Amino acid sequence: MMTTAKLLLHCPDKPGILAEVTDFITVNKGNIVYLDQYVDHVENIFFMRIEWELKDFLIPKEKIEDYFSTLYAQKYEMHFRLYFSDVKPRMALFVSKMSHCLFDILARYTAGEWHVEIPLIISNHPDLAPVAERFGIPFHVFPVTKENKAEQEQAELKLLAENNISFIVLARYMQVLSETMIEAFPNKIINIHHSFLPAFVGARPYHAAFQRGVKIIGATSHYVTSELDAGPIIEQDVVRISHKDTVEDLVNKGKDLEKIVLSRAVQKHIERKVLAYKNKTVVFN
Amino acid sequence: MMTTAKLLLHCPDKPGILAEVTDFITVNKGNIVYLDQYVDHVENIFFMRIEWELKDFLIPKEKIEDYFSTLYAQKYEMHFRLYFSDVKPRMALFVSKMSHCLFDILARYTAGEWHVEIPLIISNHPDLAPVAERFGIPFHVFPVTKENKAEQEQAELKLLAENNISFIVLARYMQVLSETMIEAFPNKIINIHHSFLPAFVGARPYHAAFQRGVKIIGATSHYVTSELDAGPIIEQDVVRISHKDTVEDLVNKGKDLEKIVLSRAVQKHIERKVLAYKNKTVVFN
Amino acid sequence: MMTTAKLLLHCPDKPGILAEVTDFITVNKGNIVYLDQYVDHVENIFFMRIEWELKDFLIPKEKIEDYFSTLYAQKYEMHFRLYFSDVKPRMALFVSKMSHCLFDILARYTAGEWHVEIPLIISNHPDLAPVAERFGIPFHVFPVTKENKAEQEQAELKLLAENNISFIVLARYMQVLSETMIEAFPNKIINIHHSFLPAFVGARPYHAAFQRGVKIIGATSHYVTSELDAGPIIEQDVVRISHKDTVEDLVNKGKDLEKIVLSRAVQKHIERKVLAYKNKTVVFN
Amino acid sequence: MMTTAKLLLHCPDKPGILAEVTDFITVNKGNIVYLDQYVDHVENIFFMRIEWELKDFLIPKEKIEDYFSTLYAQKYEMHFRLYFSDVKPRMALFVSKMSHCLFDILARYTAGEWHVEIPLIISNHPDLAPVAERFGIPFHVFPVTKENKAEQEQAELKLLAENNISFIVLARYMQVLSETMIEAFPNKIINIHHSFLPAFVGARPYHAAFQRGVKIIGATSHYVTSELDAGPIIEQDVVRISHKDTVEDLVNKGKDLEKIVLSRAVQKHIERKVLAYKNKTVVFN
């Protein structure tokens, strides 16, 4: 695999942006291997993801950001982010007691499915330490109480910084994060909520779904914002149930949904295919 | 097709009910063609649907209800309903301006897919009169305002009674029914709500879904109760959307969902396969 | 709605095509309202669909095709097609005895959902004449036997030509078309097959699905080619079944699938969003 | 959890079977906790699964089979199987090189989701030995060539017998089993095929699906019979794809399908809810 640059951007829509950006790359001898764009005609915003091979590209890798910023971003009032395929994102996993999402992620990691590093796992309970140990990943327990929450999060933030963590995955972590933590990782904390949001926000969604008598249950992966279960949705999926299913059946059927939905969202994030804008996401193909 | 009796019942679960009821039918030479039962082990309720051919059945058709009530229903504190396959339920359609659900129902009706009579259509707008005319079904317009609502509903109830209507289908009828109307048809008014309930209760759910940035939209068919969009759910289904879909796209994709979900619910109701209990439904196979 | 031009093209992939084509439009003051492109990196083919408003476009409508051909198509060895939004495609419906797809299409047509004209319906049986009559569409019966097939198709082709038909929809038309007919409408005849192709090609797929004991059934809409049920697939969908479903249940569940899948495919075709290439389709968003 | 007996049976349908069987249990003071039955009206076969608590049951556990056989099975020409909930089925896993199904099964096993023992894993390649080691399960490599196949299978059968294995799961085992092996475990070998059977039987189904241009791919779990990929289907599921997906994308999307579909099938088998009959399965709720 050749090294590629991945550029994600959005800006007010104007004629010619697409042509100019693609032209910038081809004129400088970059071979475009991916392009997806989308115009929100309601808000008049242009969104784009473009990826090109750096071999033969005339602009040195370390100067691309500067050049692009000067030549185009200013002119078009763009917000953009540039990534390189030879830099692996570094992911921290937060877990509590349930193992299904953790196993699913570590299985993919071990099989080399994802272009990511997982230097550490953080938990508020010791229960899953043996799982982490099996996969050879450092496991850090930070028990959280009302009293020590701020203090423990500071310790966690320090650990995350020391490990150069670029994003966090809450793999059924049963704690609400504080503003401080959320602000330190804006649109970089991915949660899995065990309902079809916005239905059944908050605790015990399977019990609520059972009480309501729905015929389908869901799971939702989203970026964490300060409002509980209300951040930009990355991925959702559902499964059919019936009156015969008990709450326990919902929990069991839900586990498969949760792990698959979370892993799809994490994969899209790792591939740099998610662009959060306001309270929504553009998920490129 | 031979005439059959269809018995739906529920009662506190006790050993022997199933054996006694099936025995009652076979001993009296009824040929059982359908049996489905289910025990809610949380509430300890036994639910059952059984259907048998009346040819050779020793108890005369008109006495079955009496015999069953005396011999079993009292003993087991059963709630039960008995239907006969040679009695067609009579359905009233309520519509407003959108035609997709109406067309879908009338197409099935015309093709003879459903064992039902549709003697009339009621609307608060004249727009769909030409559709009703095409299918040769009387169309009654009852314009509703805040001032005349009670009065108009009385006129509607009179018309429904004159036509011996057994249940009502709200095929995108954009009016909230009054308590009086709802109490006149308990668990006999089927609505289609254009969202995956309980998400997006009330008006303009596609706009709300668009604002929230969900990745899947749904439709829900339920019995109407006095609490808006909160009655027992009969059927739901969903379709995947993306950031590229506008509100208009959601409306269009939703139309297909709505008509299919509503028709599935109506069919189950016509087949006497839905048993509402508390705020949920048991939908037999 | 302003008049737009819709351009669909494919050609060997080379650097700069996307930039040149979008540039061509923006330089000439066309306002791009839609753009989707895709590169098949295996076959090295570039596919594109672009749509722009003609108001203010400097090149006269009737000369666009010529200009584009001269300036770009020759240079890049493009195959392209140009459509204008003020030209309604003219569709012929072929039916036999089953009404569900016919009703679904005519309901959408009547409700104005589709930008299309339906000047006529052709059938090999008289059964659905009353449906056509209800919707006020001329209905032509061409009974087909082995002996008269070639002759009848000639008559049909004449009728289609007289009505300036641009594409044909086989809405459960239970006759195999001859080569002559297929070649007269290359990738312009849309069929619905009542199975999840390539499973259960040919006659009686629901019986075959029942025999095989599958747990899911499907429907497939595709362009008709000379090989039976083997043309480019436009759309598919499925529904879950169980051992409790009889062949008759499969037929009934399948009807809903068939009509929705066929209508989705027809809508994409009408919107000029389907590009058939070799034996596959690119379906733009 | 109390110990229960699980009885699965099928026989020619006759009046009174259901009543007699449920009566047998309730009269002998068994508390029925599960009952599902189904009549195939085409073949006239009665299928039933019933489960009851053994506490207070008057017939000693070890005599139930004998009593039931004498009193009912002979009379009604039943085929039946009796299981007890305190006996864990013993499962052997067969794998080759791909780890996704193996990880998924071992994660559930470790989390205690399944009532099963996994005493050993067999593979024709050494690649997944480290995975087995992590989960502490003995891993046996039996490299298979045309020449040594019969011999190796004899060694495998010996190992399976020594470990008292009751059923086998082929978790992407890329070898066709011989008749000898299949006959030793009739309807007790569960395979996952990476296509929506009967489409794309045999090798490289994702390549075939890509070539055909399908819009949906699937996975199928079935019992292994002597005809390749043609045994009774237990479970299937599908996922939507598009023209943008490469073969590699199909493989990746398919992995999630495969593991979920296989695990659902294995779970149903462990719960004794699958009854294979002729070339189909009855899967009880």
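The first chain written gets the first letter, and so on, giving A, B, C and D; residue counts start at 1 in each chain.
Heads up, the rule we're going with is that a contact is a pair of C-beta atoms (placed from the backbone, for glycine too) under 8 Å apart; a residue touches a chain by one contact, two chains touch by 3 or more.
Just so it is clear, the structure is predicted and the values come from calculations on it, not from any experiment.
Chains that touch both chain C and chain D are the following: A, B. Between B-D and A-B, more C-beta contact pairs are found at A-B. Most remote from chain D, judged by the distance between CA-atom centroids, is C. Work out the mean CA point of chain B and of chain D, and you get 38 Å between them.
Chain B has its Cα centroid 42 Å from the Cα centroid of chain A.
Chain contacts: chain C has residues 41, 242, 244 touching two or more partner chains. Chain contact summary for the complex, chain B toward chain A: residues 38, 40-42, 196-200, 212-216, 218, 232-238, 242-244, 246, 279-283.
Considering their complex, residues 15-16, 18-19, 22-23, 26, 31-33, 35, 37, 39, 41, 240 of chain A touch chain C. Interface residues of chain A, counted against chain D in their complex, comprise 99-100, 103-104, 107-108, 110-111, 113, 131, 134-135, 242, 244, 252, 255-256, 260, 263-264, 285.
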